[in-house]
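Got some structures for you, see below.
Next come two complexes, and both contain chain A; in the first it sits with chain B, in the second with chain C.
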Partner chain A sequence: MSAQHLSVLLVEDNALNRDMLSRRLDRAGFAVVLAEDGAQALEKMRDAKPDVVLLDMNLPIKDGWTVASEAKADAAIAAIPIIALTAHAMEADRQKALSAGCDDYATKPIDFPGLVAKIQGILPS
Partner chain B sequence: MSETDDTSREWAARIIDAASPLRDALGRRTVTTSEDERRDIDALLEAVERLSDLADRQGHEARHDRLNVIGAVRGYGEILAEDSPTLHPSLASTLPALLLAVESPIVLAKPSAEKKKPRRQIAQDPGVILAVDDLPENRDLVSRLLSKVGHTVITAESGEEALELLETMGVDVVLLDLMMPGITGSEVLQRLKEDDRLRATPVIMISGRQDMDQIVACIEAGADDYLLKPFNPVLLQARISAGIERKRWHDREDQYREQLERRERFIRATFGRYLSDEIVEEILESPEGLDLGGDLREVTIMMSDIRGFTTHVEHLPPQQVVQLLNRYLGRMTDIILEYGGTIDEFLGDAVLAVFGAPKKQSDDTERALRCALTMQAAMGDINLANLDDGLPELDMAIALNTGSVVAGNIGSERRSKYGFVGHAMNVTSRIEDAAGPGEVLISGSTRDKLPDALVVGDRRELSAKGMEEALVVYPLLEVLL
Partner chain C sequence: MNRFTAGLSLRARLYLFSGAILTLFAVNVSTHLWGSLARTESLVAYRDTVNAAQLTDDLQQSLEAARQQILVLSTLRETTEEPLDTSERDSALSELQDIDAKVRRLGTIGNEGTEDYYLRLKESTTLLLAVWQNFYRQYNDTDTALDVDSAVNFNDALQRLGELDQRQQFLAIQRSNAIDRTIALTDRITVIGFITTIAVTLVLVVILIRATNASLQRLKTGAQRFGSGDLTYRIKESLEAGEIRDLARTFNDMSGKLQTAIDDVQSAKADADAANDAKSMFLANVSHELRTPLNAIIGYSEMLQDEIGDPGEVDRAQFRHDLGTIIFSGRQLLSLINDILDLSKIETGKMQVGLEWFQPAALIFQVCDALSPLVNQYNNRFELVIDNDSMGEMNSDPSKLQQIVTNLFSNACKFTENGVITVAASMDDEWLTVSVTDTGIGMTADQQSRVFQAFVQAESSTGAKYGGTGLGLAIVKEFCTMLGGTIDLQSQPGVGSRFSVQLPVDPESTLANA
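Coming up: the complex of A and B.
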């Protein structure tokens, strides 16, 4: 499970959750880039070109669904895989995330080993 | 929304409860092993604090916030647990209860001292579990608990979906929620038990305590077990393991039965046309007593043919040739089977039969002798029928010889049959050549089997290629026994 030299953009408006996840990702060996809202998310995706994006769906300024569909429409960053972080366990919400262009989703509260497995699984080896 | 909203509120309340000893312990502590640990502890305490603030709020937003904060509690809790070697005793004793509470929205199990690392336990016999529940939280919970120990979990959100999945997937155990909209759990159970292929799949019903009457009805209808909500994860896993074990037993039984049936089909296909039903049944009853791989055994060999058959039929239309042969061979087959002989082959008008294989009996030679005389006697009837139909009269010659042959399935993978090889076969063929019309000619070795019971004609000596000594034969006249 070598996470070294993999960079993760974590987009999360809830500070408590953002700190916790970034700390755990950091401990797991990922390089973590942070964004607090949808606009920042797109900006950081273009600047930092992370290997993967963890995207909360309920974000200020631009919500996660908008971020995902705009990212997938921008050729420069369309290839970056996005994992939706959603508090919605409903099938319909998952479908909504996937149809917005997210490549996978994880349900809150996050099962961290499961999330790491999803990150590993989504990246081209 | 209200249902899931309630779930997250109850969950939060449970977490706060579970965190209170931890808060007491940590609130008093000033000494920490590292700055990181101090930071993680503070963050955990802050998250629990925030959860308390959110505990009574209602609505969609509140639920979202609560799940975020529960995530933070769980995250920091797990970080601290990962560093457990350096944990202070007060933390080590209070953290597990909190971790268990954040683990799932429903489980209400008490942490037990002896199982420190339940997460790392792997089921001894992982299986495929179908979890049927209309509530996504319950499906997620069961999936997580069971996949963690190595099972493969398939979920269905309705009875309809469950029945569809059962049709196509190989499921070892079904976890079935009793109360579901649409097709209820008890209806799913009923349909499953009506289906021959699915009946053996163990079913564990899940329900609330208030539905005990229905659970009893389900057990009567064939459910294997039940669990009451909220259920204990350890109990769930134990019941699943028991269910898988039941399923494995059943599968093994099925496999064994299928193997027996395959063997029976094979034996019937191999021998059905050549052996009497009685012998086929006997072989089937003791299949281990039958070696088809090849063994050397003493048998009495019978060869018969129609003298001058080719000349007789030269001028007959083909349909009449077939009619003539079938009448004759049909009658001979009946007689040979009646005497317990094994018909190895028809070659045109010739019949090769063996007494003493695949099943050895004490009176093999005697039956062969009686059989030969009965066959000759039957020729009278056959010729009468032939006369009526304007068909030629036939004369049959029979040779009998007793000796050792190799018996077994002989041939290639594509085509093989139970057959015999050995010198005794060639000897029989030589005797057959020398037998006259209407005669049963037997070898000295066959006569020696029942020296006092046979009435024979004059001894003859035959010479044959490759045989150093002359072959002694007798025409059989009568069997006295």
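Coming up: the complex of A and C.
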């Protein structure tokens, strides 16, 4: 996997999942930035300008849908692709995430190789 | 007229109109009978007139013949002196009587208008006939000079006969004119009556049809409105009467009942839809809740699998921690599945309550003791306050009480850091009271109102931060209800929460006393 120069912002409020996913992304060669809630997520998007955002939807302070729509409304960070991560597995949930502004969608439990492929697929080559 | 008939029932209207038509018909028939009577009377009068004229003619001829005979006999008597034999005399007298009878008969034909004339004729002929009878009786008595010169009397009688005849003719003409007028009048009345009857019948029929048609039209409008689904529409009963009003009322009642039935069906459908939605929501929530611990289990397992393949030494402490995480998540998954099964049993009515006598104090102590590791997890202090003097045996389901206390106690531990968790129990004759109090994060009024619903935690993110299925309190509340008790919640954000459960010591006797 040629992910050495890519930075990923992982927004996840559950400590176990945050720890697990960040370590796996790190092992896969991504530079990982962490955020625990929606407000932090927007802040880190503006400061760190990550290449891609992995966004849990059930977040404290600001939920994932709000974060996605606010990010897409902000010209400075609108171009950053967002992949929604959620345990809501229904088709309606997928549509809800996409219409909020997310570029792609992955269901928990995460299929890690599939997620890496999604990250690479979503980036301009 | 419409307004006049509007208050009448259809039957009354039909009777009324039939009565009116029959009355007109009777008037018509009686006028016609009157006309017929007049015609009959006219015929009788005509016959009388003809009879009278014939009789008058006949009488005049008889008078003239009798006078002629007397004149001839008188001349013979003076010249021949031949006597008159008895048979000739009797014959002549009989003819005179015949004349008298004819005069009398003429009298019977007459009436008030001719009576005076008749009496004068009678007077004159009586005189004349007396003279003539005298002539025949004394004819053979040659000494007597007979008065035959009765021309005055004779002419007088003829003249009076003519007068009577004229009078009778005059009266006959008068009467015939009157009868003609009556006939013309009755004919006119008959024709007018006939035309009037037809006209009135037509008018009545039109009114009847229009009045009835208007009523039926209103019924039809109502039926169409009902048919098109407008069941709030009402036919105006006040405009109708009798059977039509009954029909309108029946229609309105039917519409009301239909509306009620439709409302019932719709509300049943809404209930069914809501139940279906709740089921779908339940499945979506179950799916969501199962995926969260599975994500950690699969994620950590795959990661450990990757790490074990790495060259070099494995970080044993890290490895142990990650395995612990997998076990923790697995147990969470198990308790989640158990909770879901419990809730499903409760919702389908298959959760059984097994009553038995036991010591609640001992049970509560055991639960708290078993869960004591949870107290230390966030550096909390635990106090158990059991009022041993009041605590006796109770008749309830110990496994349910155990789960109630377990859920409340682990909740309190989960949401409290560096605080105090107090479990208190006491009992009186009727109720066991168990309360679990913490000094944790607490809840707003809005959160308190939702916290007993399945899959709801005070915040949607609470589960992620604090774990838990969002089913524990729903199950506690259901169990309290099943055991005949209640649960009460007092809470304040940042201060803490207090869940207080009251269960009957003996549901059978308590319910009997209630």
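Things worth noting here:
Convention: the second predicted complex is superposed on the first by the 125 of 125 C-alpha atoms of A that agree within 3 Å, B and C clash if a C-alpha of one lies under 4 Å from a C-alpha of the other, contacts with A are read in each partner's own complex, and residues count from 1 in each chain.
Please note the rule applied: a residue touches a chain if its C-beta (ideal position, glycine included) is under 8 Å from a C-beta of that chain, and two chains touch if they have at least 3 such contacts.
Being a predicted model, the structure only gives us computed values, none of them experimental.
In the superposed model, A:Asn14 makes contact with both chain B and chain C.
When the two structures are aligned on the shared chain, A:Phe112 is found in touch with chain B and with chain C.
Contacts of A:Ala75 after superposition on the shared chain: neither chain B nor chain C is touched.
In the superposition on chain A, contact of A:Leu59 is made with chain C only, not with chain B. Within chain A, the residues touching chain B in one complex and chain C in the other are 14, 16-17, 20-21, 23-24, 27, 58, 87, 89-90, 107-110, 112. Remark: chain A residues 13-14, 16-17, 20-21, 23-24, 27, 56, 58-60, 63, 87-90, 107-110, 112 touch chain C in the complex.
Within the complex formed with chain A, the residues of chain C that make contact are 284, 287-289, 291-292, 294-300, 302-303, 306-307, 325, 328-329, 459-461, 464-465. Of all residues in chain A, those touching chain B in their complex are 14, 16-17, 19-21, 23-24, 27, 58, 87, 89-91, 107-112.
On the chain B side of its complex with chain A, the touching residues are 4, 40, 43, 46-47, 50, 63-65, 67-76, 78-79, 82, 102, 136-137, 140, 144, 157.
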